[in-house]
Amino acid sequence: MENNLLSLIIFAPLAGAAINWFVGRRVRDERFVGVVACGAVAISTLVAFYLAFKPDGALHSEAPLLDHIWTWLQVGTFHADFALAMDRLSGTYALFVTFVGLLIHVFAVGYMHGEQGFYRFFAFLNLFMFAMLTLVLADNFVLMFVGWEGVGLCSYLLIGYYFDRKEAGDAAKKAFITNRIGDWGFVLGIMLTFFVTGSVSFFANPAAGEVTHTALSFFQTRPVEPFTAGAIIAGGATSIAVLLFIGAAGKSAQIPLYVWLPDAMAGPTPVSALIHAATMVTAGVYMIVRCSEIFVHAPTAMFIVAVIGAATALFAATIGLAQNDIKKVLAYSTISQLGYMFLACGVGAFIAAIFHVITHAFFKALLFLGSGSVIHGMHHEQDMRRMGGLRKYMPITFATMAIGWLAISGVPIFAGFFSKDEILWRTWSAPAFGLPSTTFSKLLWAIGAITAFLTAVYMTRMMVMTFWGQERFRDAQAHKQQEPDEHHGPVEPHESPWLMTVPLIVLAVLSTVGGFIGVPYALSSAFTNRNINVLEHTLEPVVATVPPGIHAAEPTSLPGEGAHAPENAPAPVPEPVAHEHSSEEVTAERMLAGVSVLIGLLGIGVGWYLFKNRPLLQMPRLLENKYYVDEIYDAALIRPIESGSREGLWKIFDVGVIDGLLHSIGEAVTEAGRLARYLQAGFVRGYAAIILLGALILIGLFAYLGFQNITPP
Amino acid sequence: MDTALDIVLKFAAITVAFVVVLLVVAYTVLAERRVLGFIQGRLGPNRVGPGGLFQPFADLLKFILKEDIVPDKSTRFVYVLAPVIATMAALMTMIVYPFGPEIRIPFTSITIPLVVAHFDIGLLYVLGITSIGVYGIMLAGWSSNNKYSLMGGLRSSAQMISYELALGLSLIGVIMLAGTLDLAQIVDLQSGWHGTRWFILFQPLGFVLYMIAAIAETNRVPFDLPEAETELVAGFHTEYSAMKFALFFLAEYINMFTVSMLATTLFLGGWNVPFIDTFLERGTFLFGLVSALGFLVKVIFFLFMYIWIRGTLPRFRFDQLMNFGWKILLPLALLNIFLTATIIYFFPNF
Amino acid sequence: MEPQLSWYLALSAVLFTIGVTGVIIKRNVIAMFMCIELMLNAVNLTFVAFASFFQDVIGQLFVFIVMTVAAAEAAVGLGIIIAIFRNRESLDVDEASILKL
Amino acid sequence: MLTLLFILFAGMAIGCGLAVVAQRNPLYSAISLVGVFISLACLYVMLAAPFIAAVQVIVYAGAIMVLVVFVIMLLNVEQEERGRNRLKFLVPTAVVLAAVLIAEVAFILFSVTNPTPAVSNIGLSSSIGTQLFTRYLLPFEITSILLLMAIVGAMTLARRGGLLSNEARLIPGAQQLPRSLVDPRAAPDDLRLVETDSTVEAGHLLGIDQRNTPKD
């Protein structure tokens, strides 16, 4: 279905950005700029909701909404349009991106109040929305890559928003360069996709003269590749998947490319909330789910994804345990949650991954905005050791953040619980990648569980250090005097204006009830017999399912995990959800859910016990210094490259070879000119003589040549 | 031996033509003086012979007998060459004008055309020779090593170059109508309508332009800047005396004569006398004679007009002259060409 | 005997040679200019000769266009000559060998 | 008959051409050149190209050479400067090159068997006009454009230099000095009026370099 409203979704923020950049910089009126920015995002939000929920909307129809804007690249068989497509997946994504984006815009109007570059900030923020929505709604890899780069650029611009601070600039560069590594993989993946499948489109779009077999449908008919290391370099689905995953790892901060995300917290807090928690960093997950058709044919890649995801989750959680900067804590928590999502993708639970993306967007945005509110109230104090007891100063912030805390810790009925539990259960019951036994997936489950526990712990620590205990910000004044950005002597924490608290409340509500869109059958069946897993209904048709061939090694887990992605159903047409749920697995799932609840509560308890009275408890150095990863990278990669460039490329190649070459050329020309100068003495008569000489030579030549074939009379 | 007879005949014709022209010129001089006299309310020369009829010969005698001065430090060769060029250029155009239709000598069967040479491009020939005439004046002005002369020479050359353009362009209308450069053919074309189909009827503007340009071309009042007595003593021939001066004098009047003949030929139907073909049938001796006389009458009318103008009009200033030539005559001539072209295009058989 | 084509060609060659020699040895700008005109005329002669001997009018058209070019050249060239004289008080080309006064 | 005429005119052309080069006085060269043109015109008539002959006389003799003579008179150049000839070696060079050229042409003329068609009668103005306005219209138009450019260029070049236009008028109250005070080389009849306070500024306005202004 063609629907040109679609382009409005992405172009409204672009227009907002343009207006703010060209007009807002002259107007310099925060009201104007704020209205323009929020209005633009609001428009795209409304359009997105309308298109998604209207009777034949994206979330109800099988075929995606298409909007072919213009034919962009048409080289031989290579065909990439500037075309948008909104199917169930991208529709779902666009919904929460626009909505959370809108809330964060509103929050930012309050948070950025009085900033010098107000217009600049919102121009970039709108530009980011444009890029993100392009990424989500793109109907082919190339356009998706445009959005991909666009969000990278905006992230760079916004991290470096305080460009007068060195760490901000460095963080921006770090983020950009790290993303380059990921993009390298992504671009290679796209190329390989084109070479293998002959198309880069996600959807068949006959209106635009698009080939009917697309990059994804190409694989449906292909056999699943074997689970071997060789498949990675075989140039098939596995290679594509691995390369795409490199891109995803870069964008979504997975090991080993996660290092930029913590530093990215140098940007303003709304940026951290919008880009580095809710939307952009989940682009990797989106991309993998979008390409699930490819991944399910590449068990090796799935394996890698799962392992990396699990490792990242655990790794980041441990680091997060020891951070003192409130935003750093949230940053590492984000990384570990992303690890969760990749773990889910790795085990084939794509729907669960999306589910977690959504809920995570809610509560992590909530937490970030809450921390932003705290920072705002503390006059840009981010160190938790100088907070404490803020409970009674900013009650709304406290209440909302508490909800977020419970949500992320996996306390029941909060959003985080359902998604995390879903992921854990799917990991537990995951197919075994052709490994002899399912022990491996059990191992992954154990890692996930530990991560959940740690998550609860460090979130509790954060809450405790921030909102409970005695108020440390006054005695902290001593060493806060010399800080330049200190406005006035003793800090008096205050509640934030309504512009900031309203979004907090909305997000809090969402993080409370947001989980009910994906209540698994096992739990819902306790109350009703209807399967109320809305999200699953919605996404099932567009998400590929793991073909049975993969886990032939382990037939026991074959009897479909019912409600969750019927694994033995033929890929394109998913089975109706009506199939029975065998009781034992229902009980197993309920049991696991209970376990995860216990884990969460245990984590909270441990955290409370540890930090309630000793908030400044010294954490292990290793953790506090993030395992020295940055230092390792610095020593292993950056130093050698720098020195190599300086000593080798610059001093030897550039100065020696290139400059030498140029200088020698110049001198040669000068010498030649010195000789030729005698001909150009400026005497016209001399020139005439030379011309005549040349003419004579020519005439003689012709006469001679002509004489060859002319018989004299 | 045919060519020999041809050459002899040509020489005879040339001689006849020149004698006639010189006579006419001589008496034009007299006429000018008398007419000017009348215009200015005096008598003019009337002593020599009856009514001063022999005055030209007296002048000639005077010119021959006067001392021939060659100024010192003048480049002699050029000084002598100049009047010769002027006169030659003036005379050479004479040979292409058809004085009349071919006539049959009575009592014989010989028919001779009343034209010396018959060119395909007679008109261009005339223009070319006229343009040569400039050299006479320029060289005279330069060689006589006198600042008045030099000024006169420069002025005349500038003036003639400027007005040659207007002259030529004013003729193009006629050429387009006639479709040929052959003067004889042009005259024949005008013999329609019982000899009244003159091109002046179709080219009034062209005619006026031509007359003005012609007067300027011959350095006559009101365009006689090169010899403006009040500014430059006598212009380019200040230093000339005796026969050389006479030659310049002659050249000027011959130029008048030839220009008038050209005007007659192109605009006033040449030798066509209206309605005589009703009395005499063409080709007879009488017809030719009458036609030739008609030609002569028209030319003399033009000469009289020259004198008349001289007697009445003041002299231009030099910048006025130039502006007039470049900014008025030239655009008008172009306009004339444009109009003619348009009319011919829309009424081809008009 | 009638004049042959080669006669005209030879004549034009001679004229051309005279012209080019003049261009090289004359020092007066105007003289050089006239020598160039001479060369042009020599070429014109060949054009006309060929045109009339080979019954092809295009040669004469060439002459026509050459004349136009010569006229343009005369206008511009004389303007330049006047400018040179105004700046250097001399018509000797060797005086004008450097691009500054 | 024709041969005689040819010899006559060819001899005249060559003689005048030699005179063009030999004469020291530019004016004589000009006159000789006119001679060349006229004799060439006669040759054109012999070659059955009367139209071209007439145009030759009108354009070359009547317009171009008149301009040249005009300029010669205007600049009033007498004998060619007898300043030291820095390029003496050019004279023998030129002679040698000329000899080579003649030799080459002679070689070509003698080595080529020349076809001897009869002189045809194609030079009529009508045929030329037809060709010129039908088949070769584009070159014709291009030449007209060329002429236009030449006119503009000539006017630009010949305009008198200096920072003031010729219409510069005296402002009442300003001091009036003869230009020769500022510029020794100035023509005495240069009556342009400049409003200045100092002779130096006047020189600047008139575009005269100050090196030869009286330092008093």
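Worth a mention:
Going in written order, the chains are labelled A, B, C and D, and every chain counts its residues from 1.
Note that in this section a contact is a pair of C-beta atoms (placed from the backbone, for glycine too) under 8 Å apart; a residue touches a chain by one contact, two chains touch by 3 or more.
Given the structure is predicted, the values throughout are model-derived calculations rather than measurements.
More C-beta pairs touch across one of B-D and A-C than the other; that pair is B-D.
Centre-to-centre separation between chain B and chain D, using Cα means, comes to 29 Å.
The centroid of the Cα atoms in chain A and the matching centroid in chain C are 79 Å apart.
Taking the mean of the C-alpha atoms as each chain's centre, chain A and chain B sit 99 Å apart.
We define each chain's centre as the mean of its Cα atoms; on that basis chain C and chain D are separated by 9 Å.
Under the contact definition stated at the top, the residues of chain C that touch 2 or more other chains are 20, 24-27, 94.
Residue positions 683, 685, 689, 692 of chain A are each in touch with at least two other chains. Contact with two or more other chains is made by no residue of chain B. Taken as a graph of touching chains, this assembly has some other topology, since it is neither a line, a ring, a star nor fully connected. Of all residues in chain B, only 3, 75, 78, 81, 119-121, 124-125, 127-132, 134-135, 138-139, 141-142, 150, 153-154, 157-158, 160-161, 164, 180-181 touch chain D in the complex they form. By the touch criterion given at the top, residues 1-11, 13-22, 24-28, 30-31, 33-35, 37-38, 41, 44-45, 48-49, 51-58, 60-61, 63-65, 67-76, 78-83, 85-86, 89-92, 94-95, 101 of chain C touch chain D in their complex. Those residues of chain D lying in contact with chain B across their complex are 1, 25, 27-28, 31, 34, 38, 41, 50-51, 54-55, 57-58, 61-63, 66-67, 69-70, 73-74, 76, 124-126.
Residue ranges on chain A touching chain C, taken from their complex, read 681-685, 688-689, 692.
Of all residues in chain D, those touching chain A in their complex are 86-87, 90, 93-94, 97, 100-101, 104, 107-108, 110-113.
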